[in-house]
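Heads up, the next two complexes both have chain A, just with different partners, chain B and then chain C.
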Partner chain A sequence: MPATYEPIATTTLGSAASSISFSSISSAYTDLRVVLVCQTASNANIAFRLNSDTGTNYSYTLLYGTGTSAASFRDTSITRGYIIAADNAATSPNWNLCTMDIFSYAGSTNKTILTNGSNDKNGSGTVEAAVNLWRNASAINSVTLLAWNGVNFNTDTTATLYGIKAA
Partner chain B sequence: MANTYTLIASNTLSSSATSVTFSAIPNTYTDLVLKVSARTANTVPSRTTRLRLNGLSTTIYSYTIIDGDGSTATSTRASSTTESPVVVNGNSSTSSTFSNTEIYIPNYAGTTQKPISTAYAAENNATAAALGAVASLVNLTSAVISLEISNSSNFLTGSSFFLYGIKNS
Partner chain C sequence: MARILGTIASSFEAASAFESIATATGTGSSGTITFSSIPSTYQHLQIRGITRTTTNTPEPGNTFWDVTFNSDTGANYARHRINGNGSSAGALGESSQNACRIYSVGSRGTENDRMGACILDIHDYASTSKYKTVRAIGGINVNAASTNGEISSSSGLWMNTSAVTSITLTIGSGNFASNTQIALYGIKGAA
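What follows is the complex of A and B.
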């Protein structure tokens, strides 16, 4: 059977950092998947940028549950995509599990990205799912994960980029 | 480059069973994925299907759910409980209709607590359908060596369970 789900790169932080980047992504796959297991030094939204684009070309629609209520939220024409709201690891020292699925990343249409965040803290936390749109028709050649608002990812945060082939 | 999404074991039920267990899971992967296509003897989709790690039924599990049933979205939570929940189609659902569930466990062989992401879809062209996601946390700091998925009623014949290992290098 051909290899259709391949690790492209993985990063485990040896020291705190505000971002993790995967660059020079080949166009040899059909879809991309990012798996991020992270902690942050303060409460922070985990965001992403594609091809280092800082323009207002991102939007998302979010569905989330807090354990007591379910809600949906939208943001348009912003400067980054959305993955999850992470808690301060000093007070909630558990790991956030986040996934990003980027479809037809090498195609010539705008890019749709599904993100999922699991952030249960045994009595608090959230579960989130979002659909993001990056209004850019270029092939994606880099993905940057960001701990927003100047917050750092903690040491041992791990991110892996996989490539998925349709055939 | 090596294929890193590898089938570890599978079980497609030829008769009803209350549980399916994958044991002796090797520690040679980075993450685990369990894919479930199932139908139970319950009357409706319900959270009576549960996941347990390493055979542990102590209060090491917690979870936060968001769930939509076609008319209402809700979120609920349990802390210090004995299982992680999964929603599966019941036997009153449209015939030959099985629900789909994917359970993702990163760093399962590590020494930190285990976050788990679960997504489920139990559509049946009727009411009592369910679409949702579960964020679970298991206060288990040893490697995951077995997974048990069980139901208070039976999983019905044809239900299938596929356990994959994923390597990040």
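What follows is the complex of A and C.
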């Protein structure tokens, strides 16, 4: 059987930065997966953009649990996709774990992205899952991860991009 | 019924624990996809796919896959889910069912450029001593300020200790549209 799930690139921040980008992504795979382990200096939504598109072409539906209740939220026609609400500050040893699965990223339909995030702080935190839509039929050749709300990813934040190819 | 044999081979060998076994595409005329002759050489299986149904009527929560193993359609399955439609969250549990049910996997026929997506994990599928447990995340979003989008986490139990050799996905309404693409992968354990 053909082996797959190949690491394409890894970025580890040596200093704080507001974004992490993977560019010049090959179209040789079926799906992409991003694994992000991150901290932010203060409360921030972790977001993404594809092919540097800053238009209002993103939407998402979110399911999350806080430890006491579950809830759902959606947003339409916004300028970025959604990964997780992060608030693990630099002084904390706790990190946010996020995954982002981009399906048929080189295909000719609009792109569906599943994101999953956990943010556990021994007494508070959230677990989240979201489905995102990017209304663009172009092949994806770049993925940018963004610390929203004007904050930065902290040093040692790590993101890895994988490619998964179907038979 | 579209039957997909897991016989696609490649001379390419790489040191990876994740291997592609087979891929199925929708035909527009069948509501089932079957992966058969699944080898027992992996630790776990994963199914990844984008799905659209041919009908226009189901709400996102009803675009589900019913998942059966080894052609068993008896009341030997249990299932749970938690879901959110953008305005509220819900949960459901059902016992002694005829299939595992994986929710929010597909878009409707009119949404031909917007696909539902799903990742389904089947753990210890080759064990002959364990009941089989599955879990999945599925979602569909159509950029609508209504409940026409949903995200679900689903789990399932097949109360049978046989090794899984075939998996049948049956869509909840209509047929698998032609731009449906579903792939089966094997995940190796350590030797």
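Side notes on the structure shown:
Simple rule for what comes next: the second predicted complex is superposed on the first by the 161 of 167 C-alpha atoms of A that agree within 3 Å, B and C clash if a C-alpha of one lies under 4 Å from a C-alpha of the other, contacts with A are read in each partner's own complex, and residues count from 1 in each chain.
To be clear about the criterion, a contact is a pair of C-beta atoms (placed from the backbone, for glycine too) under 8 Å apart; a residue touches a chain by one contact, two chains touch by 3 or more.
These figures come from a predicted structure and were not determined experimentally.
Aligning the two structures on chain A places chain B and chain C in a clash.
Contacts of A:T160 after superposition: chain B is touched, whereas chain C is not reached. In the overlay built on the shared chain, the residue A:V37 is in contact with chain B alone; chain C does not reach it. When the two complexes are overlaid on their common chain A, residue A:E6 makes contact with chain B and with chain C alike. Applying the stated contact rule after C-alpha superposition, one finds that A:Y60 touches chain C and leaves chain B untouched. In the overlay built on the shared chain, the residue A:A137 is in contact with chain C alone; chain B does not reach it. Once the two complexes are laid over each other on the shared chain, residue contacts for A:G125 go to chain B alone; chain C is not touched.
Contact with both chain B and chain C is seen for A:A70 once the two complexes are overlaid on the shared chain.
Judged by the touch definition given at the top, the superposed model places A:N116 against both chain B and chain C.
When both complexes are overlaid on chain A, the residue A:L97 reaches chain B alone and has no touch with chain C. Comparing which residues of chain A touch chain B with which touch chain C, the overlap comprises 1-6, 63-64, 70, 72, 116, 129. The part of chain A that touches chain C in the complex is made up of residues 1-6, 30-31, 59-64, 70-74, 76-77, 101, 103-104, 109-110, 112-114, 116, 129-133, 135, 137, 164-167.
Interface residues of chain C facing chain A in the complex, by the touch rule stated above, are 8-10, 12-23, 48-50, 82-89, 91, 104, 112-117, 119, 137-145, 149-153, 179, 181, 183, 185-186. Residues 1-5, 30-31, 62-68, 73-77, 79-80, 104, 106-107, 112-113, 115-117, 119, 133-137, 139, 166-169 of chain B are the ones touching chain A in the complex. By the touch rule above, chain A contacts chain B in their complex via residues 1-7, 10, 35, 37, 63-70, 72, 94-97, 99, 116-123, 125-129, 158, 160, 162.
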